[in-house]
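Next come two complexes built around chain A: one with chain B, the other with chain C.
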Partner chain A sequence: MGFFLETLFGGLMAGMLYSLVALGFVLIYKASGVFNFAQGAMVLFAALAMARFAEWFPKWFGFESLLLANLLAFIAAMAMMVVLAWAIERLCLSKLVNQEGITLLMATLGIAYFLDGFGQTLFGSDIYSINVGMPKDPAFILEGMFEGGVMVSKEDLVAAVIAALLVIVLALFFQKTKTGRALRAVADDHQAAQSIGIPLNTIWVIVWSVAGFAALIAGIIWGSKLGVQFTLSLVALKALPVVILGGLTSVPGAIIGGLIIGVGEKLSEIYIGPMLGGGIEIWFAYVLALGFLLVRPQGLFGEKIIDRV
Partner chain B sequence: MLYRENGQFKTSYAADQQIFPILQDRWAIGLLLLVAFVAMPLLGSEYFFRAILIPFLILALAALGLNILVGYCGQISLGTGAFMAVGAYAAYNFMVRIDGMPLIVAMLLGGLAATVIGVLFGIPSLRIKGLYLAVATLAAQFFTDWAFLRIGWFTNHSTSGSVSVANLNVFGIPIESPVSKYLFCLVVVCVFALMAKNLTRSAIGRQWMAIRDMDVAAAVIGIRPVYAKLTAFAVSSFIVGVAGVLWAFVYLGAWEPAAFSIDRSFQLLFMVIIGGLGSISGAFLGAAFMVLLPVVLDQLPHWLGIPISTATVSHLVHMIFGALIVFFLIVEPHGLAKLWSVGKQKMRLWPFPH
Partner chain C sequence: MNTSTTNAPPAPESNILLNVNGIEVIYNHVVLVLKGVSLQVPEGRIVAILGGNGAGKTTTLRAISNLLKGERGEVTKGMIEYRGERVEALSPSDLVRRGVVQVMEGRHCFAHLTIEENLLAGAYTRSDKGEIAANLDKVYTYFPRLKTRRTSQAAYTSGGEQQMCAIGRALMSNPNMVLLDEPSMGLAPQIVEEVFEIVKDLNAKEKVSFLLAEQNTMVALRYADFGYIVENGRIVMEGAAQELASNEDVKEFYLGLSGEGRKSFREVKHYRRRKRWLS
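On to the complex of A and B.
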């Protein structure tokens, strides 16, 4: 039982991290109808920027404080993500308005290639580390209930808390601020939003910046866990089943979907994996999502798809 | 002046329905085939065959198959690499396990195996649509990646995980030299291109296009979505499977599952989109573009004499590649085939456009 709970907790926390990446997908899809394959590349780019700036700033300006370096690097990386969002909107999306979904999807794949190359040309392609002072040692909880307690990684716990905080902040931003209201209006109906004077282009830049922010947070957490390297951009492939499971248009869907996929993946690896020879995590997530989709084609929380002739 | 159909009257239904109704087009395609079958084998260098023509032909075939699914039937698939892999490994197993299995039969059986898997993963398309389906097809990709890596039976328990074939021959003629490999691929590609072209002009092709344009409306006028979608998956994955066999047997010779990774699927989808959705010539144009671009980009600093490290080059290639794709999508979202047809339309009026 203790082992089962341990796996469960591990899965839940991994799921939180998937949701972080999935959030970026959902935000952009909601506001602009673009299925953003470049989200993984954005995570890598943001993490690279963060890691390298934190390394470079102390050298350039001659200070020692880790906190200051991280803070400045965070601001610089965020600024880069905003510039990136602006450039993507200006140079690419605004020229592809009204194209079919698949063309936009391919365009974001092009952006992903570009970003992968650009980030590694700019920041180098070795393995870098991000040190934001995440605790590395494991902790034991529920020691009273089971012998030896349940081991959880403190790092994962902190990451899950940060992810939860991010979701709350985003929810507040969407529900309580004027910009958030405009974003929701655009998501509801582009033309109606435009006709009452909401500038679509600005909104898209903001949405891509917010997705960039989510990518930066995800990049920092994943980066400090696994190291910043090219494989980081592959977390997007882990987040895709989360997105379709939860529904492309639903923020809570991304969270719940992430938890389901995270738990499903870990439990399947432990309990079904040995029967099939292991390593089933990656496709199991997709098959799980496929199973849910067969019952609900629009994902758990997605908007109902209504076909009209 | 040179290219117009004035005075070319059709006097029979057969003449009216031929693939190339304009005389000049027939001359052009005849010339193209002549160049491909006669001039190329005489003039091409070994490098040219190995690095450009053979991959171009095989990837064009795969893009052709994918185009039937994505371009004609409107079902986005990100799992093409998986179907190529199924074809390749199935044909490998037929070759290894059955003595004296001819290459062509193994190739077709590989295609059939890919068809079965393709239809299996196509079944969700009856319920799941659009981007949801696109992501769901990734399940096929990751599942086959895993299966061919982990299940020893498929690779005949090869310890390194990589498998190889040798001594290929067709009707006793060995397929070893680059020229013979090229000619073999060319024949297969021509046959399949002709069949695909005719399929898309037939009743089933029209059904696919109706489903693509609006599936509910198509169902209302009496087209069975189940039949149309699943046949599109079947035909598409058969062609893709055959292309997978060629890629593995003829081009690579020895391969491992990484040869059919998700990057391959994306590459093929790029070919289809850049070449032009819903067009046979688009598959060829897209394949030519995507095969030539990396070769040119790789060689470019060498030609210009700029000394930069290979790592930087590969990153720059990534950047330019991505930027060019976005550029092409912006300039011509309907692909190179559309540019080609616009050019032909202009030619018909030239030199008196009014």
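On to the complex of A and C.
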């Protein structure tokens, strides 16, 4: 039982990160109808910026504090994501507005490749580390219930808390602020939003920036755990099955979808893996998503199409 | 809603709020839809654009509010002036800030937002919280139905409530001029009357000017001051609402009032015209 719980927790933590990436996906899809293939590349780009700036700033400006370095790097990386959002809107979205979905999809593929290459040109292509002071030692919980307790990684716990906080902040932003309301309005009906004076261009820059923010957080957590390297943008591809599972238009769907896939992967690896010779973790998510496409194509929480309006 | 207190008597010429002069509109770079439309809206009036389906009413409104771009349309000739200022190059958002807002055909409420959130979204271009709250109260006094449905998702309200929501949402931007596209579409007759009564009320009390596109000629002419009849992208007739309502051609082709007995001469005389009007 203790072992089961350990696996479960491990899966939940991994799932949290999938959720973060999927969240960026869903936000962009809702607001601009763009299926953003570049979300993974954005995670890598943000993580690279974070890792390298934290390394460079102390050298450039001659200070030692790790905290200050991380703080400045975070701000700089976020600023880059905003500039990126702005550039994507300017050079790409505003030119392609009203084009077929497939055109926009190809455009985001282009953005993904560009970002991969541009990020490596700018920041280098080695493996870098992000050290934001995440605790690296394991913790034991529920010791009263099981002998020896359940071992969880403290780093995972912290990551889960940060991810949860991010989700709460985003939910508040969407529900309680004027800009959040405008974003939801654009997601519902962008023409009507335009007709009452909501500028779509501005909204798109904001949405891509918010997605960039989610990418940065995911990149930092992931990068601090696994190191910043090219494979990050591939791991982020797991967000694809997550959104298929959760529904392309649903924020809660992205979160729960991520958790299900994280947990499903780990549990199936442990409990079914031995029967099939292992390696389930790699394809589990995709098979699950495929199954869902057949049975319930709008995903678990895909918004009901309301046609009365 | 215009809260200014200028109640000066209408002086001819000087109080033209909106002046559209000979505009041509092309969709997708090829389809010429408006072939020189000119019209004027004096301050504080209700002006109606009338005509059948596909005549070019919506396109005219879109040209004014500059929502054409999103439809791959473009004004290629003529000019549009609002308070004497050329506005063809302004974005829809700029126009809303200047006081011109469009209520789209088919209502287009934000389905997943509540009625109140819909209304508040309409105040996006404004920042003074107190003024917005006061404006919201005002909208609720004009549309008491909206107040009772304030927490419902717009998708689950009736067609009439959605039309009111769309108008109320536009009013939240504190406009001087509302471009209202087919408010009667798909509504039961008594709801249509209710909506038009409120429009008339807003016009009288809040001094909001309306440019109204309608296929429902009979109702529109009862509430409007002036009317233009569009056909095939051209204005074919214009006049004071009462004149139009009593004009024989209009009666015959739009109001369906032509007597069964008067066939011979009149039928022949207007045959060509009628065919065109109904095409």
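Details
The rule we apply is simple: the second predicted complex is superposed on the first by the 302 of 309 C-alpha atoms of A that agree within 3 Å, B and C clash if a C-alpha of one lies under 4 Å from a C-alpha of the other, contacts with A are read in each partner's own complex, and residues count from 1 in each chain.
FYI, contacts are C-beta pairs under 8 Å (C-beta built on N, C-alpha and C of every residue); 3 or more make two chains touch, one makes a residue touch a chain.
Small disclaimer: the values here were computed from a predicted structure and weren't measured.
Legend: residue contacts after superposition of the two complexes on their common chain; A:Gln298 is shown touching chain B, with no touch to chain C.
When the shared chain is aligned, chain B comes close enough to touch A:Leu96, but chain C does not.
In the superposition on chain A, A:Asp188 contacts chain C only, with no contact to chain B.
In the superposed model, A:Leu115 lies in contact with chain B only, and not with chain C. Residue contacts after overlaying the shared chain place A:Met106 against chain B, while chain C stays out of touching range.
Shared-chain residue A:Pro199: touches chain C; no touch with chain B.
Of the two partner chains placed by superposition, only chain B is touched by A:Leu248; chain C is not.
In the superposed model, A:Gly278 lies in contact with chain B only, and not with chain C.
Touching of chain A by both chain B and chain C, each in its own complex, is seen for residues 308-309.
Taken in their complex, chain C has these residues touching chain A: 65, 67, 70-72, 91-93, 95-97, 101-104, 107-113, 117-118, 120-122, 124-125, 154-156, 162, 166, 169-170, 172-173. Considering their complex, residues 97-98, 178, 181-182, 184-185, 187-199, 303, 306, 308-309 of chain A touch chain C. Within the complex formed with chain A, the chain B residues making contact are 70, 76, 124, 127-132, 134-136, 138-139, 142-143, 145-146, 149-151, 214-217, 220, 262, 266, 269-270, 273, 277, 311-312, 315-326, 329-330, 333.
By the touch criterion given at the top, residues 35, 91-92, 95-96, 99-103, 105-107, 109-118, 120-121, 125, 237, 240-241, 243-244, 248, 276-280, 282-283, 286-287, 289-290, 293-294, 297-299, 305, 307-309 of chain A touch chain B in their complex.
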